[in-house]
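Both complexes shown next keep subunit A, but they swap its partner, so subunit B is in the first and subunit C is in the second.
After this line comes the complex of A and B, so read on.
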């Protein structure tokens, strides 16, 4: 078995199994806990439903916090969208997804894929630079840095494989797939789970405050 | 029922009240109970408390933090000092560790890779959850995950109660309220004496222990032991409105040191005495005095079955706002530009925004909103018991500068508050900084502007008969 065969075969498959099983385990472990009810009388009878708006409204900070949050918000949005586009938009990824699910769609031109991949990488660098230069704001721990490395690695190796930099293409591609596998394995145990938690967390707070007639 | 304005005042000014309290607070430190349990038991009790209080809600919030740093600058204590340890997300780090080790889905793993919690960790936590968090909730307004750090801090306070690690001043008052049912000695006798003084000197009647009444009114220790003007103002307004009201000698204290310290057994004892008295007299409305945290202690406490209680619980500013909106308050106009500071517990964490503004409007006030107002208002820095902590003086003083800047930006001459804690903190800050603003309490302002014709025959312009309290 070559390195590429290992990466494309057992490595990525086991990583996906751990990703799915771990995520379900962590979600269930939290969501099966009892939920403390709020017995106090709501400010208005249907007010609580308004709380769900927070899931969407919190996608962008209030203008009150414009200055303080501008950098983080804009750069984080660039990173998230650029990464998402690259993940689902370039030929190689679509072929991989098709091999798993059968679904397929038209790919971006290669040049666009590279450009967006670079945007993702540069924005990720911009985020870590700010984190490193403002330690008092970020309160970083080991998990934050491991997560950053495991997210940056697939981007870097993917761009290198695409540009035929570094070792020969097959090896580079194998390394790329292995870094993705590592990120998948890390996902359920790390803050990457925020991609799921945010819905629950925002909804809870939205409801808590809407109960009192406050829109957050 | 109402009084003539010619009576010479006998109660101290609020500046004097504030100075008097400073002396009393100093003595509290000597009265604080000493820890009685062994270190190991204290740690175990703290952990057990958190395990018991961690539901899915708390777990989701603890799981969601991504250390993005947005909350940091939203906190007045960080903003004022720039010190990393005051970042809101740091305040829940220890909670997260305990959660991960004891409750979370990967607890077996975190038990291997994280340090067990020691008493020293809890001792360090004390400053983070008492001195430097007023549970104001401003960080929740910016958090992209919407994490309600204030409620997590509240659980941590309960854990520190179990670990006998409540700061001295709060511990002393908690013990006093628990064992003697008083705060700063404000007992039922104190209440009766104050009622008699107000009746004898001002000719204002305060009904006490009527067997039944529509409206039950609470007071607070600040009013009973020092600021008689607060209770006097309340009585004048109630009599002006002509409502069927009473105070109850077995349930008159708004302040709840159970909620402030995190001692939820005391919280229950204290809040139940009030709800029991209100039910006994058949009250339709319970009016909570201007005492910010009494609002979440009673009205919004998730453990009080508000839906099935036969009466409404309203904060003083809410009650006054209802009356103003119903045209039942006859008030003279107010001079000068005015702004209003929403106490965290009644504003962002209570939703009573419109009512106090309606009261000011009823006085034709030249009203101007604070920049970063309403839901985004900066805490004054004295809430959740912090005003009482001598050790937190620097944090309070530094964060109050934000408040000064915020109020100055409005150009108002007077800032109105509706919370005794805020008011004490504002007054202390005003004196300390030689600040040229006037700090007024909403209830006293209203009383000062009452037109002494009974409002039951209101002016035709604002008549809305049939509106009940």
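After this line comes the complex of A and C, so read on.
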């Protein structure tokens, strides 16, 4: 079995199995738990609605923090959107998704893919630099660094494979798929779960604040 | 087979001009990445070359490799060089048959001990009874013929890497030459079939310099297998611009766009098809509208479907992922219900205590 056969076959397969099982496990493990019903009445008439609105309103810092968090906000936005675009916009990724689900859509030209991939990588570097230089703000733990490495690795290897840099293409492609497999396995058990949790956690905070009459 | 004793004499008798011959030497030398200074040396050496004894063994094969070589538009210089070698045994091409044929092989092995080239096409079944020639199993014939060979050339993917006969479920327990012969230099010239120039190029290199060419990690001559098809493909600009044929008869296919989505294996295939091309430089598969199937790569038949793109996952999908989802759901819900039960019990105990 060549490295590429291993990567495209059992490696990514098991990673997907762990990703699916793990994510659903984590989700239901919290959601089925449920909290006791809050018997208080929301402090204003649109309280419940306001709670759900938080899911969106928290996508931007409160105006008081605009300046203080500007670097973080802009760079994080760049990173998240660029990453999302390369994940769903590159021909090879669409082919993979299509082989799994049957769904497909038009892809970006390669040059655009490379450019956006570089934006994602540079912004990710900018984020880790800030994290490293401001330890008191982030209180990082080991898991944060592992997560950063496992997100950066597919970006770096993907760009190299895409641009035909480094080892031969089939080797680079295999390494890229293997790094993605590692990231998938790590996903459910790390802060990467925020990509799903953010909806629930924001909504929950919003609801709680609305009931308590906190200005949001 | 010819009676002329040197290649020069043979070529002249066939009406090949010195100019055409030098052109062939230049092409071969440049394809094989030999320095330009070697071209006259090569020409002289080839001109003077004595007939090289070659024994060609055909095992589990389809004769396509021989066909590619002998039927490439005649008369090519490649073909003539092939005519020139003393092909002492080749059971498709030789006139003799039966006992006489085997006797010719044995005689060549005796007479040219340590000097003959052993060309093999086809894979070798390790279960002896599955393929025999004149009552001799392929396995025994290969081992026996290799003992006194100067070097082996595995012609075609079957001999080089097992090819189709070795594809799952490998009913004959076939193996490539390199699994059986480990004490002789082996050059793999894979392809289904290989480019004729790659076969004769290796022979010409040997006739000229008396050495074997530089090989890659898979035992292939770098001169012919050092380049990636995708890197040399004339459809690459369409790949880069994201323009793909989606089916074999859509607008993209008619406009000659990239065949990646139709399963082209160019990005993971190493061969000279895209620049040397076939039938005297007329075309190659991608140019005729079909993706590369990566036939010069080990395990090409099993590694992915011909029409599946390289990026596709190679595993059965649905059921296992669905069961993973169910397992996750059960584990998650179970853990949560357990925790909830504990919480309620604690609350009840707490209430009872008060």
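Remarks
The rule we apply is simple: the second predicted complex is superposed on the first by the 206 of 216 C-alpha atoms of A that agree within 3 Å, B and C clash if a C-alpha of one lies under 4 Å from a C-alpha of the other, contacts with A are read in each partner's own complex, and residues count from 1 in each chain.
Heads up, the rule we're going with is that a contact is a pair of C-beta atoms (placed from the backbone, for glycine too) under 8 Å apart; a residue touches a chain by one contact, two chains touch by 3 or more.
Predicted, not measured: the structure shown is a model, and the values here were computed from it.
Following the overlay on subunit A, a side-by-side fit with no clash is recorded for the pair subunit B and subunit C.
In the superposed pair of complexes, A:165 makes contact with neither subunit B nor subunit C. By the touch criterion stated above, A:129 is placed in contact with neither subunit B nor subunit C. For the three-chain arrangement built by superposition, the Cα-centre angle with subunit A at its corner and subunit B and subunit C at its ends equals 170°, in steps of 10. In the superposition on chain A, no contact is made by A:74 with either subunit B or subunit C. Of the two partner chains, neither subunit B nor subunit C is touched by A:84. Judged by the touch definition given at the top, the superposed model places A:206 against subunit B, while subunit C stays out of reach.
Of the two partner chains placed by superposition, subunit B and subunit C are both touched by A:31. Touched residues of subunit A, counted separately for subunit B and subunit C, are more numerous for B. Judged by the touch definition given at the top, the superposed model places A:65 against subunit B, while subunit C stays out of reach. Annotation: superposed on chain A, subunit B and subunit C show a minimal Cα-Cα gap of 6 Å. Overlap of the subunit B and subunit C contact sets on subunit A: residues 25-26, 28-34. By the touch criterion stated above, subunit A contacts subunit B in their complex at residues 25-26, 28-41, 43, 54, 58, 61-62, 64-65, 68-69, 72, 76, 131, 134-141, 144, 189, 191, 193-194, 197-198, 200-202, 204-206, 208-209, 211-216.
Residues 228, 230-231, 239-242, 244, 260-261, 267-268, 298-299, 303-304, 308-315, 317, 320-321, 324-325, 327-329, 331-333, 335-337, 339-340 of subunit C touch subunit A in their complex. Per the touch definition, subunit B reaches subunit A in the complex via residues 54-57, 59-61, 63-70, 72-74, 82-84, 87, 89-90, 93, 103-106, 109, 140-148, 151, 299-307, 309, 348-351, 372, 375-376.
Contact residues of subunit A toward subunit C in the complex are 2, 4-5, 8-10, 12-13, 16-18, 20-34, 91-93, 95-96, 99-100, 107-111, 164, 168-170, 173.
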